[in-house]
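Structures incoming, each one as structure tokens.
Both complexes below contain chain A, partnered by chain B and then by chain C.
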Partner chain A sequence: MELLVSDANFASGSRWLLFHAVAVFAFLYLPIAVLILYSFNREGVGGFPPRHLTLDWYRTLFADGPIWDSVLNSLQVAFAAMVISLTFGVPAALALDRAQFPGKAVFRRLVLLPLILPGIITGLSLLMLFNGMGTKLSLMTIVLGHGTALISVATTEVFAGLQKLDRAQEEASLDLGANYWQTFWRITVPNLKLPIIGAALLIFTLSMDEIAVSFFLIGRDNTLPLEIWGRLRRGITPEINAVSTIIFGFSLVAIVLWYRLRVRGEGAIEGGSK
Partner chain B sequence: MTMTSAADAGSRAPLLSIRKVAKHFGRNVVLRDISLDVAEGEFLTILGESGSGKTTLLRIIAGFERASAGELWMGEERLDRQPPYRRRVNTVFQNYALFPHLTVEQNVAYGLRVAKRPEAEIASRVEEALDKVKMAAYAKSKPSRISGGQQQRIALARALVNRPRLLLLDEPLSALDANLRRQMQVELKSLQREVGISFIFVTHDQEEAMVMSDRIALLRSGELEQVATPREIYGRPATAYAAQFIGHTNLLKCEVRGGMVRCAPLSWSAALPDGPALFSLRPENIRMTTASTTIAGSVRVRGKVSHQAFHGATELIRVECRDGLVLVVRTPGGGGALDEVELEFCSTDAVLVRESLVRESPGRESLVRESAERI
Partner chain C sequence: MFSRAYKAAVTLPPLVWVTVFLLVPYGLMFCYSFWSVSESQTIVHSWNLANYRQLLKVDVYWQTLLRSMWIAARVTIFSLLMGYPLAYFLSFYAGRRKDLLYQLVIIPLWVSYLVRAYAWKTILGSDGVLNTLLQYVHLTRHPLEFLLYSPFAVVLTLTHIYTPFAFLPIYAALEHIPRNLVEASHDLGATPGQTFWKVIFPLSIPGVAAGATFAFVLSLGDFLAPLLLGGPSGIMISNVVVSLFGAAYNWPLGAAISLCMLVLVVSLLFFSERLEKKWSFS
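Let's look at the complex of A and B:
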């Protein structure tokens, strides 16, 4: 009897949990769904429910020069930021994993700090630095801003990869006659391929939609998020919905790719240590 | 066979000479004063419990660790100053350490590729090596797709293909199950005879060491206890630890006075100086007897059987004698339940051994535990 009661309790409890899960999911994704839906609505952002579906807003969007300029700017910034953060982040990860130096624990925490630091602080401090140096604000300053802010992403991702790497493999390579440099390129780097690609994708995506740091360091040329933000002040047009939908699509692809790489990487490691 | 090759080994110049090697990590002493020669073509096993320093010694030979003191010589060449990639020494790692991003074939070819051998030579040598370990069919597989035993063979092929002068094996069989392990012991030994390369094999398994080795170097707490052939080390253990670690034994704490060895209720004559002495007496050297006459040189004692352990072909029985003496005796199995027995052994089978002192902390040394407790 007791068992039945507790069973019933359990069943109602799980029903509540299900409801809760659906609610959370709706809370997260309903706005995005609405945004996407209205990019196809002829009446624009007003009028519910949407009556006439159209691709007009996409046509307007593709004819819109400034938007595409900002997209191009953003792509350039994201690519350059990716190169900068990997260039500094990968050696930092290697140093954290291998080198022994005084203050290593502090260094490790400091490298990760920009990741949790509010963008406002990073942006403001860089702005003050550039002002002090008399540097003119431009896309270049944004690149430097993103590059430094995202080094921590490169470092954490690659450091995690290094931690999983079996050091005996590198010893085996030395044992088989490869010197340290050959071992690095033939064994260490191939084993870090997935974490590095993963970090690159993540940095690219984060830079593409970064607002806070960009806001402080922006010169004459807009990045895409700032262009959108600027237009929103003049009212929401479905064109914005259209461009957001496209960004959403690309981000989704990038994140799925990154996730699959990650899963595959873990699978390979497990298989290898079996 | 084993005896002759060991005798040969002694007469030739050593391939590897380990001279007074010591290693400490901070204040933790891992190895002290290790001197050991390895002969050309010899199968030498470094045997020891975990923490005895055996893997560290192997890593010093391979070049992954630097000795804190001492030298390594390979012929005329000072080995310990060379980086690992310049030593003509290859290693089979405990977990094989195959490269997961390379195929079996590429794994085996790695050393030759790095040495920039011509592709045609690489192809033929890799094929030969894979044939030798019966893995040619798996050349294109990734290491994650093959079993542990197969990975083990690839690790062997990958090392041997470089024709090292010395092969180091770090507990390579410990990850395999018992049956496969016995099979690999035989295969490994015959492979070693075939290629004629010196092997240094590290293990904690005394049975494995006995089966495979030309010589065993018994390592304990960073020091060599005894280096000898399996037969010598079993028949003539140098220390109490060696006697106990390899096979079962009875350790007899005796007192010598006036040419007589006394260990109440036992006594026999021996030409030894007065003082305390420790003897090892193997259980199979003690017989149960019913004869009334005593043979010259034999020692007799009566006792009560307190425990019988059946091992198939033989049986180990524990006999409690007078004055608290406990003897473990190996008898042919199938004798049924025993009670009061008369035991006899030949005094020459009692081997004088050195006491093994345990270093737990400085200043506190104690005798190793009594052997009878192990049964």
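Let's look at the complex of A and C:
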């Protein structure tokens, strides 16, 4: 591996750091490698060495109705949560950037709190709210939970985007007679395209994976993580490895797409400013 | 340049939503923690401190809280020991491969938390990958039982999950250090060790504080990894809360414990923010 090494002392230090980095990467990827490998193992999830590689678990998975129902539920929940988070998270970022009002500091902290708070507290406090209002638990309550908790993601991403935004364009648009609504949709949103898309992708993925909040707000229909959780408690088969491997594959595709989009976007911004 | 109407239009909807779905629920949790449950399993809305007194009096509650804090502290230390040198390596030595390696740290975050905990279970179990491997190469004859259903398994799994969370803010802090400071320290005759401890490390403290807070707070509140891998000795405070809200049906006591966690978390965030401000480079 080529390294930027300036003198001998640094070289010995950097060799130690290199070993450490390799070890950490091994630690981070070991469970993922095991997960994928044993999804092809006929003998089940344990047992070394893996023998009799097979696609049987994928066949079982594709014939498994409840799993696919839960995948569909999760996709719907993630989409709805994304809409809620963006609907309230984008204005929240604008408010934090542009408006002064009493309690602004508290508001900022409150919006961002679910990002760092253990899911159990968000989940339980919402359970008490729905219980108090007499709302029946369903996928809808999970949507409200995810949507509310993930406003924080939309707000942080968009707020960071606003810091880099030049207000002159908005000013010009207003001076030239466009109203605030037109200016918002034609100037503000297009300029914030990248942070908004980034936030949307992030919210979608986080919601697909969320379990701590959903755990307390679940009605009759399961989301995918809760379906997996239910099965883990009943005994484990490589079918879970198989579904996880497929989702990991999709996530990788999403990362690559997002990364390309961002590189292209940054290129465009740099190109435009020259 | 923005009119009052514009400001109201962007402020009011999120303000109302957040009040209804965050502030009111936290308030309810606060109220519940002073209520109680009657013999006939209904919530009695009479205000008293019985739940908090019970927290202090019944050993299992505060002992579990202390044990959870100890588990979270170990997770934090190990995540920093994993994350800091890695971030330092990436920021100062990885050269052109920096971006790629950065992505490689992020990618495990895209594998579901639950699935990674489950993967560790299949590795650590008595018929798991590690034990069968050890027997296959004749290092052990019987499965090592302490690997799964122990605090060890919980700490290992949570460290795996929160190492990237510790890494990210540290890496961001290291990336913000102006490189000419490091060069100046060199030119003025400091050894690499002195440069690290006197220049780089102090400037990275805000990142360390943020990373440590993430790892500590999120692992403190975890209840799924202990359920899956912890066994009886790996039970954490959130598991107690879950059972109080479920089978044990004592929401008020559960709310009191949750509120203690909430207060602990918010005060930690407060201190970490102060620390970040005090040490930030500007």
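Convention: the second predicted complex is superposed on the first by the 235 of 274 C-alpha atoms of A that agree within 3 Å, B and C clash if a C-alpha of one lies under 4 Å from a C-alpha of the other, contacts with A are read in each partner's own complex, and residues count from 1 in each chain.
We adopt the following convention: contacts are C-beta pairs under 8 Å (C-beta built on N, C-alpha and C of every residue); 3 or more make two chains touch, one makes a residue touch a chain.
Small disclaimer: the values here were computed from a predicted structure and weren't measured.
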{"item": "Partner chain(s) touched by A:L55 [first = chain B, second = chain C, both, neither]", "value": "neither"}
{"item": "Chain B or chain C, by number of chain A residues touched", "value": "C"}
{"item": "Chain B versus chain C as contact partner of A:E171, first or second or both or neither", "value": "both"}
{"item": "Which of chain B and chain C A:A212 touches, first, second, both or neither", "value": "second"}
{"item": "Contacts of A:N191 with chain B and chain C, given as first, second, both or neither", "value": "first"}
{"item": "Shared contact residues on chain A - chain B and chain C", "value": "171, 174"}
{"item": "Residue ranges of chain A in contact with chain B within the complex", "value": "166, 168-169, 171-179, 182, 186-187, 190-191, 193, 268-269, 271-274"}
{"item": "Residues of chain B defined as touching chain A within the complex", "value": "62-64, 83-85, 89-91, 93-95, 97-101, 110-111, 114-115, 142-145, 148, 158-159, 162"}
{"item": "Chain C contact footprint on chain A (complex, rising order)", "value": "1-5, 9-10, 13-14, 17-18, 20-21, 24-25, 27-32, 34-35, 38, 45-49, 87-89, 91-92, 94-95, 98-101, 107, 110-111, 113-114, 116-121, 124-129, 132, 144, 148, 151, 167, 170-171, 174, 180, 205, 209, 211-212, 215-216, 225, 228-229, 232, 236, 240-241, 244, 247-248, 251-252, 254-255, 259"}
{"item": "Chain A partner contacts - residues on chain C that touch it in the complex", "value": "1-3, 5-11, 13-15, 17-18, 21-26, 28-29, 32, 82-83, 85-86, 88-90, 92-97, 101, 103-108, 110-116, 118-123, 125, 127-129, 131-133, 136, 160, 163-164, 191-192, 213-214, 217-218, 220-224, 228, 238, 241-242, 245, 251, 254-255, 258, 261-262, 265-266, 269"}
